[in-house]
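By letter and in written order, the chains are A, B, C and D; residue numbering begins at 1 in each of them.
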Amino acid sequence: ASAWKRAHGHKATAKLDLSGIYPPIATPFTAREDVDYQKLEENLQKYAKIPFKGLVVQGSNGEYPYLTEEEQVEVVRTVRRSLPADKLLMAGSGCESTRATVQLTEKMAAAGADAVLVVTPCFYKGKMDARALVQHFTKVADSSPVPVVLYNVPANTGLELPLDAVVHLSQHPNIVGLKDSGGDITRIGLIVHKTKTQDFQVLAGSAGFLMAAYCVGAVGGVCALANVLGGELCELERLCVSGRWEEARLLQQRLIEPNAAVTRKLGVPALKQAMQWFGYHGGACRSPLQPLTDAETQQLRGEFSSNGWL
Amino acid sequence: ASAWKRAHGHKATAKLDLSGIYPPIATPFTAREDVDYQKLEENLQKYAKIPFKGLVVQGSNGEYPYLTEEEQVEVVRTVRRSLPADKLLMAGSGCESTRATVQLTEKMAAAGADAVLVVTPCFYKGKMDARALVQHFTKVADSSPVPVVLYNVPANTGLELPLDAVVHLSQHPNIVGLKDSGGDITRIGLIVHKTKTQDFQVLAGSAGFLMAAYCVGAVGGVCALANVLGGELCELERLCVSGRWEEARLLQQRLIEPNAAVTRKLGVPALKQAMQWFGYHGGACRSPLQPLTDAETQQLRGEFSSNGWL
Amino acid sequence: ASAWKRAHGHKATAKLDLSGIYPPIATPFTAREDVDYQKLEENLQKYAKIPFKGLVVQGSNGEYPYLTEEEQVEVVRTVRRSLPADKLLMAGSGCESTRATVQLTEKMAAAGADAVLVVTPCFYKGKMDARALVQHFTKVADSSPVPVVLYNVPANTGLELPLDAVVHLSQHPNIVGLKDSGGDITRIGLIVHKTKTQDFQVLAGSAGFLMAAYCVGAVGGVCALANVLGGELCELERLCVSGRWEEARLLQQRLIEPNAAVTRKLGVPALKQAMQWFGYHGGACRSPLQPLTDAETQQLRGEFSSNGWL
Amino acid sequence: ASAWKRAHGHKATAKLDLSGIYPPIATPFTAREDVDYQKLEENLQKYAKIPFKGLVVQGSNGEYPYLTEEEQVEVVRTVRRSLPADKLLMAGSGCESTRATVQLTEKMAAAGADAVLVVTPCFYKGKMDARALVQHFTKVADSSPVPVVLYNVPANTGLELPLDAVVHLSQHPNIVGLKDSGGDITRIGLIVHKTKTQDFQVLAGSAGFLMAAYCVGAVGGVCALANVLGGELCELERLCVSGRWEEARLLQQRLIEPNAAVTRKLGVPALKQAMQWFGYHGGACRSPLQPLTDAETQQLRGEFSSNGWL
């Protein structure tokens, strides 16, 4: 029997409530590319004033593939110390192999994660079919001491977690939701529809389609842009949840271009540059991620200023 | 001076109101693969009872690339005869070359089209950049006697009409809107945002994301599924337009799988099979489109029945 | 019984020998974008001095999707008049529908084509599986008065003619070969291997992989670059056929960049520009294909001059 | 000054000769998914009888993304102990971050690697442009105690190492070659052409296009299939190198389908299954890689037997 099964048996337990907005926090580095825990804590203090549901640590925007396992865990431990108990800490723990994912999941729980976000393994993408992925996530969820959130991010992994696999996995009592960064709103609507008997929660993985995701039944979002415009995204959440769709639309529209700039177009270096402009510590990325060129910096600024944010 | 310019000069004219639901009608064939105008008219009589805004003739679901130019025009003429004057007839007139598109556009207008739907030329996809496409659509719109609707359908063309090109073209007084079948809701939201001073209208190109498209600012939809479940799609429209989002969501969710089945998954042969089940004339496609296999027919039926439509 | 079957019955007939180099000729236009038959004939006179196996008319480089059917046939008729009887005229006759392809094939044969080159229909790419394509090409070959050459050009069609379909079709007595422009040398080698009992001939569809294609068993090439550097490509053929691989390699290497420039990178407008530099009539393309920008023209020139051709 | 520069200064040094065939060795596991060093050594003893140039350890076929860093290094150490001194040991050392790659490279050299094979980092694929990759590989090569071989494997990474970056990096004195698994023979020919003044060596990354790669100037191959049909691949090498192209072609053709089966089609589990049939230890993969289904096993056997290998 797995760790999870030993602990929970066949009891029906209420699933962790994921609803709300999360910034997938960036990792500040020193000039020598070491993790800058001091600056990280200063960012956390600023985030504490924003009505986030919690934080995602070791998502793609945290440059987790560039951190050692020790650093990955230590950052989670640091965040946990700062974070009020009522805020949810969701930690990335996905590795390529199942056994490594199982182990890192345990370490993340021990370091204080309330839930883990497990990305699809993707190196052997031709072999990562529904069968392989269902087995992987099932083993991880079976043994995880904390609830598991699936993480689909095809732009990085080159792989779409098949819808049938999501529906199958939604029945696992220790799998509570999905962060979907693909942006296919039809897929999101269908996942909500086909998991509606499972208390399964879908989070939009990007601010560009947050309102549309709420519209079709998502319960929140993990949005890179929340590192920069966190209050605005929480406001968008509030408008959607309270059915004020007209106001929501106007706000949503102004967020699409800044969001695209710090994600798909210019990536993490742009996110960290924009954080600087808005009073957070951003700074350089680890190599091989390069700093923005001057032209890119100007383009980035334009995307914020033309939408009235700078 | 072009036909359009001659007719309209510099007058500010109200743009044609496109808002509402349109079936892109299928083309029935006889056993010998000739156009069956009799069955077409019988379908039209049934559609007349549904509160559609109008009909799209010679869209992808009409197998227009399989019709001769004479057939394309004759079908439009036939539809025009049946169609009440208050219903909009939008006719596909996009060809690969600009000159052919200009000529077919004129023929479609003469045959009774109220507007033309012009697909992106795509054979030389590597060369169809914003510059080429802006020039193409501008020339077509300059000379068209009727308003032009842009048509982006990357699943068929392998090409995305660049967002900047859409924004540029939205300023043309004879280009009134865009049918976008790509399903990228972020893009749709951004197009609405960046064309808001232009009275430019966006139509969702598929029923799968119709509600989300309304949510971010689209004004209607051209939906293959409307050939089968036309009343239901008009009901979804009504719910969205009147702000009854909770009810809309439940209806939308039940339409996603049937819609995927008759479009992305199984295509026009499935659309025509489903039409048969719902009392319309569907029948075989022209070669090389193949009839469904038995397994596909069963799968198709399942997508409708599991969602309560059969 | 089909035209082909009526004519040939069950006799074993020697398949047409396709081996050698073919330019897929460009179509010159007047300033008003009409076909310029005079300039076409002047080009043909120059090509007559090069040891080509024949010419391809209405291939992608001939802008065939931009010509009316009447123009397509008239260009073939014009070429036939100029072309010595011992040179092969291969005419493109592929349309989207099977019936249109059958009809155009007959017209091309009547206009003097020795063989037809039939591209994969591609608009409904999701439905163009092996079953549909085998049926399409079989019907066309059954009725064609002249031998059929399959044409796979995924960069334009977004579709790969499945290998199993090629192997199946290679057994048809009226299908004599394949022009493959995909450039997947493993696929080409495998097609040669799996059709070796069929007297089936593979032509490389681009000069960039011509030598490698000969190496794995192709018998010739239909190469856009042959419009510009025809003698050099025939020389490369001679070196490959006579086993002088070291010399062939040096020549092949100098052709890759010019070839990429006039195909994948800059397309037909670049091909026509380069033709001008080498004494042929090139000129403008039909809209929406755009003329090269100055920067592109310079880049194009660089690809030729850095390899010692200008 | 970097480690490499300190050691080598500005001296012109002969680059390591990479020419020949390498199996990228598989990693046997116990029933508990631990590395089975005993079985590994037994495989090595069998490989010792085949005229390989050397072995690649921690390539994609070794499931390196599923091994811990300690295991990755320990496997290299084990291989080094068994391997005759005149055989080359090339060890994979590519990680996502530059600093991790630098460190693992040093460990691999200390464990006995003669050269390192450094895959393109790929998680942030949208940002891995020529600038980022040139900087990454330059830093790694600057500090590496042993020569560096670039590794391009788009099927796994979703990323093509840009040709311009390869040409630029070929000038680095500690970068000696490229393993290219993409199979684009035009690209391989062009890389050979554009690096010919640099003593830069290209290795085919798959047996399917090995002969064609030799034909355009490659010097060897790192081929998964060499784990199974090692002698045959060395024979193919001998035929290509000695200019016996007709014999080479017949052998090459019979290798394409078995090769596709153990790579693109069915992957590492198929490679390990085929190894079993040919007297090597293969066995199960680490999760989430799944064992073949019965149907897949039969398909695999068919690809070998229909080509006369079983």
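To be clear about the criterion, a contact is a pair of C-beta atoms (placed from the backbone, for glycine too) under 8 Å apart; a residue touches a chain by one contact, two chains touch by 3 or more.
Worth saying up front: this structure is predicted, and the values here are computed from it rather than measured.
Interface note: chain C and chain D, two copies of one sequence, contact each other through mostly matching residue numbers (shared numbers exceed half of all numbers used). Distance from the centre of chain B peaks at D, each centre being the average of the chain's Cα atoms.
Chain copies chain A and chain D are related through a rotation whose angle, from the C-alpha fit, is 180° to the nearest 5.
Centre to centre, using the average C-alpha position, chain A and chain B are separated by 36 Å. Chain A and chain C have Cα centroids lying 50 Å from one another. Chain contact topology: the protein chains form a single closed ring, every chain touching exactly two others.
Applying the touch definition to every pair of chains gives A-B, A-D, B-C, C-D. The residues of chain C lying in touch with chain B in their complex are 33, 60, 65-68, 96-100, 121, 123-128, 131-133, 135-136, 139, 155-156, 158, 264, 267-269, 286-290.
Within the complex formed with chain D, the chain C residues making contact are 183-186, 189-190, 192-193, 206, 208-209, 211-212, 215-217, 243, 245, 249, 252-254, 256-257, 260.
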